[in-house]
Amino acid sequence: MTGEFFAFFILAICAIGGAVFMIHFDRVMHMALSLAFTFFAIAGLFFLLDAEFVAVIQILIYAGAVSILMLFGIMLTKHQEKEQTFTRTKLHQWLSFLFALGFLAILMSVIYLAPFTLPAGDQSLYSVNKLAEQLFKSGYVLPFELTSLLLLVALIGSIILAKKEEKE
Amino acid sequence: MTEENNKEEKTAQSKEDQEKKPVQRPAARPRPRVKKEAPPPEPSPKEPLLAELVQQVTEKLGEQAIEESYVNQNGEHLLTLVVNRDHWAKLASLLKQEANWQYTYLQNCAGVDQQTYFEVVYHLYSLEHHDQICVHVKVDRDQPEIPSVVNIWPAANWHEREIYDLLGIQFTGHPNLQRILMPDEWEGYPLRKDYQPLDEGV
Amino acid sequence: MLRTEEMLLNVGPQHPSTHGVLRIVVKIDGEVIREATPVIGYLHRGTEKLAEDLNYTQIIPYTDRMDYVSAMSNNYVLVHAVETMLKLEIPERAEYLRVITLELNRIASHLVWMGTYLLDIGALSPFLYAFQDREKILDLFNELCGARLTYNYMRVGGVKWDAPNGWLQKVEQFITMMEKRMKDYHQLITGNEIFIQRTRGVGVYSQEMAIQYALSGANLRVTGLQRDLRKEHPYSIYDRFQFDVPVGRHGDLYDKYLCRMNEVEESLKIVGQALASFPEKGRVLGKVPRVLRVPEGECYVSIESPRGELGCYLVSKGKDKPWRLKFRRPSFCNLQILPVLLRGENMANLVAILGGIDIVLGEVDC
Amino acid sequence: MDWLFYIIGPILLLGIMLGFVTYAILFERKVIGWIQNRPGPNQVGPWGVFQTVADIFKLLTKEDIVPERADQTLFKIAPIITFVPAFLVLAVIPFTDRIRFADLAVGLLYYMAISSITTMGILVGSWSGNNKYALLGGMRSAAQMISYEIPLVMSVIGVVMSAHTLNLTKIVAAQNEVWFIFPQLIGFVVFLIASIAELNRTPFDLPEAESELVAGYHVEYTGFRFAFFMLTEYAYIFAMASLTTILFLGGWQAPFGWTFLPPLIWFILKFAVIVFLLFWLRGTLPRLRTDQLMEFAWKVLLPLALFNIFLTAVLKEVPWIQTFYR
């Protein structure tokens, strides 16, 4: 029973709790916030694994950028005080249960099939410098640059789409 | 001094009374009386200009357009026309567009309650020729209506709303004739001489 | 496609940038204004109605409350109308005092405008500088007539009080100080890149439009039309002084700022000249009957107030009270153009454009 | 004894930060008063030293108003979401080589990541109050902070490239010969401007532009909830000024080998210069407009920051100059 163990459980409960609340809430704003909470908890888990870089990126991209973008979108569009509640039929309930079960089965199979046999490596191997070396000095430069180009094109494309709408 | 003034006041009042009685008289005309009472004023140097203006207007719009015309000797000898209400809309666009007038600038627009009738007074200015003109339009008290000149001088918009608000004169053709200074639910028109305030005061 | 909804925003009547109790109902789409409707009347006191029950001297303090930023002009326009009807001769010394106070008041008014305008745009400091300088003018007025804002100084036939001893010297000192301060202002604001960015090319209108909406004052001159009633129809003794009428070229907010600042400089010139030729002795109140009975008739006089053409239409039936008194308030007329200017503008430009018109709500609502 | 440090340290830091905020506000008011030719606060205590204390006391004793139609829960937690990151970022900032808390390998990134959470708090606070002015302010704030985060991060990449690390302590150590402000001048300018925008201060104080939006995102807040927003703003000034000092001004390193002053004093001096600069700007500049603000970020700052990265990469290969870029 180490502190690490405790921290893991608390963070795991936070992550799952956030996800459950995200499904449960009625208001979109609350949903987005609980999702952000989940992201944050996951970042905490990464910290526990000594993967600082990944943790920070998780916060920067998911908790920071993605969630804020969602909140922003929600605020820009108008919403009724409460979204209309679906009348859930029996079929609906069964179907969703089946899908959830199927998803769980796939997830578990992936976890059990994964070769978690390697010993915990030297964490200095996963430092930022090593990561950069892996990325830039061992042949991943071209894919990396291509990806960035793709993102740039997407960015410009979205701007053009938005501009077009304005002209109408 | 004071006695004299009192007398004047009395005579003025009695005259007003007299004017109220006869029905066939179209309207009270305050201006000529000044000329009668005071030692005859020297004819204004602008009289020829006025004659010219009146002539041009009658040429274009007919005899009935101008009911009366005089030079207001107060200040800068202002040419003043009293215009028939039915001809006002036409005359207004003429005054603005005619090359030798070009009264494009609406300086002021005021409504006056003359007790027997209302009067809307326009002060126009020509930025081309640097001269000023005053136009009076008489409005019937029982049916206060006058064509709006917002389409000719957009500046008249709020002035007309204000006059409607305070005197209750309807401007036909005004795009948004609503109360402007008083609350929307206000009753009565405060600047009318017979206005009785409904509220008890604060 | 995703569409954003229009939002109805109520700017005012209590809002830091409406300069009083003006309300603007704005429909915005994101930050772009689709429609703006000014709602006025929150400060309507019925001055014109009240005036019908007061004699002429009693009306003067009411005019103070109209344009409370430059009350001298209001005082003057009423007095000027009555004097025109009475065809009164005004003592020389009174005329000089009138011109000096009118011009000082114009400077004070433009300083208030400049300060609050910069405050609207987001700069804090010019506001305090401007108010410090204005304070000096108010002190001068305080010494002259015992009031800082509501002067009640002009009377039919002259002014109420003569300048106290040493007052003229103080005015002279103020002018030399103010000339230096103007350089400071130009250094602080005129060349400020952000200020230029915020005002250049914003709120532009053409000369025709300005005439159509009967704008006056700097709002009209900014389009390049040189119309200043002090030059065009000189009233009082303005024909004796040398001064220029600054005009703008682009019709935008930056030009408005330059126009008003240059006007301050011209006013300083006028006061300087007036001080130089100030008559040594003489009455400050002409011979007027105790009870003022204005002969029957009507007249319309207009003067160049800091905000534009301030007119007074007076109808008299020969009594000691006016039959009808109507003020042509420049703020009221100038404000009409606001909805047109705001359409399609950015929300942040709302305060800049509104501030550029330079309204005083006491005058708009009268 | 370690655990004692872990408990007392943050409390001490919180105390220092609160003290800083208290006197930064006083200092700001005094500086601006001085710029504007007036005395500033001088009634409460000698030289007005207790003015902010009195203000805080007033805020704490004020009625806590929650608008009826507000989203109650979110309205209440928004100030906390806003403030917590502002305090969290201080964890990685080394004040000297000894006075520091967490020595993260990715300290710089950590700062950037955590500080972006504050935007969420502002958004939530502006939305939950059910006020249109607040909503506008919140949206402006989100747009602004997201936009300026990018040039902010880009501008420090030059520093990272020169120092070969993301660790803030090591970045300071890399500056023992030349402060990065000199080789990274473009980066510094971009960073400074972007950081002022991140701090929502004049000339970028659009989210709380009082002349347009009354007070922006915290219109509906009163009492100590409002105080939290104020606290956040000044905590970020504290953090951002520290970060600027560390990244570009050599942190606690003494210039010209003037080691007669202890490192902490040097740090505080440099830090104070940055803070003064922020207050000075507030006293002199007007506010930008929203569209100009966005244009400035994307069309001026971002290209400049990218150019700076490129320039650094090139100069690192030039024989003599590369000594400055190590």
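So that you can tell them apart, the chains are marked A, B, C and D in the order they are listed, and the count of residues begins at 1 in each.
By our rule, a contact is a pair of C-beta atoms (placed from the backbone, for glycine too) under 8 Å apart; a residue touches a chain by one contact, two chains touch by 3 or more.
In this text, all values refer to a predicted model and were calculated from it rather than measured experimentally.
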Partner chains shared by subunit B and subunit C (touch criterion as defined above): none
Most remote chain, CA-based centroid, reference being subunit D: B
Two chains sharing the most contacts, counting C-beta pairs only: B-C
For subunit A paired with subunit D, centre-to-centre distance based on mean C-alpha positions, whole Å: 28
Rounded Å distance, subunit B centre to subunit D centre (Cα mean): 65
Where subunit A and subunit B are represented by their mean Cα positions, the distance between them in whole Å: 75
Between subunit C and subunit A, distance of the C-alpha-averaged centres to the nearest whole Å: 61
In subunit A, residues with contacts to at least two other chains: 76
Residue ranges of subunit C in contact with subunit B within the complex: 40-41, 44, 46, 48-49, 84-85, 87, 211-214, 225, 227, 232-233, 289, 291, 293, 295-302, 309, 311, 313, 315, 317-319, 323-324, 326, 328, 332-333, 335-336, 365-366
Of all residues in subunit C, those that touch subunit D in their complex: 7, 9, 15-17, 31, 118-125, 128-129, 132, 188, 192, 194-195, 197-198, 346-351
Subunit A-facing residues of subunit D, complex: 71, 74, 104-106, 109-110, 112-114, 116-117, 119-120, 123-124, 127-128, 135, 138-139, 142-143, 146, 164-166
Touching residues (chain side subunit B, partner subunit C) in the complex: 1-2, 5, 8-9, 12, 30-31, 33-34, 37-38, 72, 74-76, 78, 104-108, 110-113, 121, 123, 127, 130, 134, 153-155, 157-159, 162, 166, 179-183, 190-191
Subunit D-facing residues of subunit A, complex: 27, 29-30, 33, 36, 40, 52-53, 56-57, 59-60, 63-65, 67-69, 71-72, 75-76, 127-129
